[in-house]
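Same chain, two partners: subunit A is paired with subunit B first, then with subunit C.
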Partner chain A sequence: MWTTVLVSGITLGSFYTLVALGFALIFGVTHTFNLAHGELLVLAGYVAYWLWKTYGISLLFTFPAAILATLVVCLILQRLFSRLREPMEMNSIVLSFGLAILLQNGMLFFFSGDYRLIRVPTFNQGLHFNTLYLSYGQLTLLALSLLVIGLLYLLMRHTFLGKALRATIQDREAAALAGINVGGMGVLAFAIGAILIGLAGPLYGCVHYLYPTAGLQATLLAITITIFAGVGRIRTLILGGWILGFAESGAVVLLGASWRELVSAVMLITLLALRPQGIFEREQ
Partner chain B sequence: MRKKETTSQKAIQQRVAWAAPVLALVLLLLLPVFARYNDYVLQVFTHALLLATLALAWNILGVSGSISLGHAAFFGAGAYTSALLSLDLGVSPWATIPLGGVLAAGIAAIMGLFCLRLRGAYFALATLAFVEIPKVITDNWDGLTRGSLGLVGLPGLPSLRLGSYHFDMSGSLVGSYYFVLGYGLVLLVLVTILFRSNLGLALQALREEEVAAEAIGIQVQKYRLLSLLLSAFFTGITGACYGHLIRYLEPGLVYGLHFSAIPMIFAICGGRFTILGPALAALVLYPVDQFIFHPLLPAGHEFLYGAVIILAILFMPSGVWGQLRKGHFVSIKTGSIE
Partner chain C sequence: MLCCKRFPIIACLLLLAFWCYSTFAVAATIKIGEINPLTGRLAKQGSEIHQGVAVAVAEVNDRGGLNGRQVELISRDDQSQPDVAISRAEELCGWKKVMALTGGYNDSLVGPISEVAKKYEVPYVASASLQKQLTQRENPYFFRVANLHGFVQPLCGILSESLRPQRLALLHTATPGSTEFARDLRSCLQSRGIAVMLMEKFRPGTPDFTPLIAKLASMNMDVIVSGGFFADHLLLVRQLKENRVSPKAYIGPFGIAYESFIREMGENAEYLYSTFAWNPGITNPDTEAASKDFVERFRSMFHREPNTTNMHGYTSTRAVLAAMQNVLHQKKPLTGPNIRQSLAELDLVLPMERVAFDKHGDPHHYQHLVVQIQKGKFEVVYPPERSTASAIYPMPRWSQRK
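Our next item is the complex of A and B:
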């Protein structure tokens, strides 16, 4: 039983890290909270579902369309955020909350309130190793998540652009003094964030049911992992994702599937209670 | 010349500030007559009034500068407490409705334990997550709450007999309407007294500059807790009334994001730092949603709330009523009268 928890914890946890990456990047660079994160993810899932269902396009080829959808919304959101007044963190929460409501109702209008799932037949088959069972779905999820996380790690650590992004995350004023276009980095963060959400969304539609208000759970887990890791630390983000994945799988086994939703909420409140001054003040 | 203009503008604002609430009150009192006892219109305005009380209650905390995204926790707790006590133990709703408020305040005390040290955005995030706790517990405690099946057949509000006059508050829509209007007016008076009391002044002071407020001897944490408890208490009472009016409850409904979002949206659009703003926003926006957008877009008409909150935070962060009432609030931060 515990090997099942281990396997599903790692797969789910890696996927959660992928879900959180976009949120963490946008938050780190621009200091804004995007509460519409989960809704964007569900939107990307719906775009993939719609292409898969009506045109029979295979999952792999739905990613570009999903990314395009999230990119458009994210860049609009970035324009709106850039017009906000202080306090930025608080106002960005209110604004993106409004966007979340807009997106929920838009999706309700276009895709109805029915529960949708992208069913890939091969995903339910799998490999047996003694007591351990790995479905192809889990394998795909794990491989794709780790691949995208790895690519982002390379971008952040081994390119000049990544260096500029990390500098902006660490200290915006110093980065500006060093000649980094901080505003441009903000746009870039939203663009990369949108690509990450667009990649995670269709996968989300394969593992979770899609419905217009499904986004809140994804938003909560993205916030939880981001607060756990602080910003700009991809390795800590993975650790946070795995802990959350294990905790959720454990809760499902011990308490039942209906308690799963509680895990990320309790973890987030605990983290905030332990670190009440927020993320940025930690090092001082 | 310029000065004259501004004074006349101020005079107009003064007049609107007096005329609008009086006009609204007269219209609300006579609404059943104007609406010719049309059921649908009465239902919509009963619900609008209920949402107005929700926004008023939210704003008891909102005036201190905190934004809560988790008031559904109190709304749902109040609704379930009152519903279960009256349904299973047969207690009269008159007794169970205040108890709903008390339990909501109890939940707020637990929330306060974890969240009150948090400021600004982090407080908002914590409240957003907190709602999940009572929601999932209610959803899973089948023995007590019947879980996700929800509660049906809740007792309505009992009728009042004053001598020979029989005031039926659950059987007739007019009765329900006047009950909610009465509760709304009582809450409005209480909130007005509260905002002008030392507690209200302290909350406004700590909103403007918490460190300065603490320096002049305001016990910041005590007042923040007090405002959270009061806000939760009245939100719980509104939730309880909602249950007895709708007579049907479900965890996903009363603990849903809707009842967390709605009071925040009304309060910010109307004017967070005013007394009347949140209630007026509810009385305008909800009927607009129901009469205009609901027939046009049966699925997705609530996009309206998302759109107005985005517009408000971008172009009018002090809210419509707050904009009108400028000059009545001294901003300590800027040192000037706004």
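Our next item is the complex of A and C:
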């Protein structure tokens, strides 16, 4: 049972990280607290669902359309957020809250309040490793999440653009003085964030289900993991996702299903009290 | 010049005419209010209740209204939030002066509305409410067409008489209705010698059931009863299949018996058990014609098949309208206390149930049927006198299915 719980925790944690990555990157670079993050994810899921249901397009080929849709919306959002004045965090919360409601009602209008599920028959099959069973759904989730996280890590660590992004996350003013186009980095962060959301959205429609207000849960998750890991740290973001995923799964087995959310809430509050800079972040 | 001098007089006359028209036009109609979650997390269910309410009002108006007066339905959206539900109820009862209230989904929304209705002495017939506490508050203006007993009795019956599981798991969500359902079902089963081996609570909308499934598998549960909702079943059943956990029966009283569930789940919905109070093909005995009329009217208005939630909205509204009709027939003034009295004495046979309320406002005859999905259709498997097919038990293991 515990191997199942461990695998479930890691799979779920990896997906949590994928969901949180876009949020953390946008927040780190632009200081925009995007409360509409979850709604964008659900929107990407709906685009994939619509293509799958209407035209019978397989899940794999719905990703480009979902990414394109979130890219367009995210770049519009970036234009709106860039007009905000300081304090950015507070103003962006107000603006993105309004946008989240707008997106929710838009999705309610176009897709109705029905729960939608993208069915991938192969996800129900799987592989046996002694007593451990891994469904293709779990494997896809794990592999795709790790691949994307790995690629983003390489981008951030080994390219000039990534270094510029990291510099902007660390200190916007210093980055600007060093000649980095901070505004351009904001656009780039939104674009990368859109790609990440566009990848996570269709998967969300497969492993979870879609409905217009489902985004709230994803937003809270993204905020939790970002706080958990500290802004702009991809390696710790995935560790944070795994710890959270495993803690939730373990709580269900040891304490009962009703303790699941309480355990993650207690962990978050404890962390905020003891290590507000994030669990793996060094104190400055 | 002359025209300019007369302009204020003409404007006043126009305003007066408009006021007279609107006043008399409004006086000619009978206003009823409905409050449903049309947006937010309960938008799907709230919209379905609203559609049922709209059908009932359209039906009465097409028949000439109540004693020749058309019924005006004033709809409000509570956004799935109790505080908004209160403000909408205040608006309808205090300002719009509706004669009665109907609709409502979920006890967290119905409860606050019922308190406002009591304050203004406006009768409220809730469409979908389960929590026992709501009818124990001594609120003479609150009635409902559903209750927990209607779910618990048939499930307790099929489990104790037909399925008789050795190892039963009872899951429920952290909502008042689902929690009470689980407690009542457990005590009923225990009184009939069926032990509940595991009782677990989870939050509606839980993102992953895999750890819970691992626990169920380790305890070798043969029947799972889940008091989750539509979306929870979508995920839990799919993850049961992904993890190759095959119980002998999976029973979800809330949220499975919908065409949309079969549509979204596809073949994975086969053999699942659920309950409903009504379905287009399965209606209260001797109400076939009324049921058919409802289905046809619903199709013409909304271009799809109605479901049991739509019927709950229709039933509660028909109860309100019938009570008003009785007051008018008795040539009494249409007031809150008179409508309330009429509701207390109501005995009306409708497709979903024979509507009659006890002294607390609970329905006397609300009873669900246990159904199983067989070849993509709902077949009634309990009670025996209304069954349309035999239950397939145990359901085939996932590995045995195509």
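Just so we're on the same page, the second predicted complex is superposed on the first by the 250 of 284 C-alpha atoms of A that agree within 3 Å, B and C clash if a C-alpha of one lies under 4 Å from a C-alpha of the other, contacts with A are read in each partner's own complex, and residues count from 1 in each chain.
Here is the rule we use: a residue touches a chain if its C-beta (ideal position, glycine included) is under 8 Å from a C-beta of that chain, and two chains touch if they have at least 3 such contacts.
From a predicted model like this one, the values you see are computed outputs, not experimental measurements.
Judged by the touch definition given at the top, the superposed model places A:Y133 against subunit C, while subunit B stays out of reach. Touch criterion met: A:S258 reaches subunit B and subunit C at once. Contacts of A:L12 after superposition: subunit C is touched, whereas subunit B is not reached.
Residue contacts after overlaying the shared chain place A:L108 against subunit B and subunit C alike. Contacts of A:R116 after superposition: subunit C is touched, whereas subunit B is not reached. Residue contacts after overlaying the shared chain place A:T213 against subunit B and subunit C alike.
In the superposed pair of complexes, A:T236 makes contact with neither subunit B nor subunit C. Residues 104-105, 108, 112-113, 213, 256, 258, 261 of subunit A are contacted both by subunit B in one complex and by subunit C in the other.
If you check the complex, the residues on subunit C that touch subunit A are 39-41, 43-47, 80, 171, 174, 200-203, 205-208, 210-212, 214-215, 217-218, 230-231, 234-235, 238, 241-244, 260, 264-266, 268, 398. Looking at the complex, you find that subunit B touches subunit A at residues 67, 69, 114-115, 117-122, 124-126, 128-133, 135-136, 139-140, 256-257, 261, 264-265, 268, 297, 299-303, 305-310, 313-314, 317. Those residues of subunit A lying in contact with subunit B across their complex are 33, 35, 80, 83-85, 87, 89-95, 97-106, 108-109, 112-113, 213, 216, 220, 223-224, 227, 256, 258-259, 261-262, 264-266, 268-270, 272-273, 276, 278.
Residue ranges on subunit A touching subunit C, taken from their complex, read 1, 4-5, 8-9, 12, 104-105, 108, 112-117, 119, 123-124, 126, 133, 135, 137-138, 208-209, 211-214, 217, 248-250, 252-253, 256-258, 260-261.
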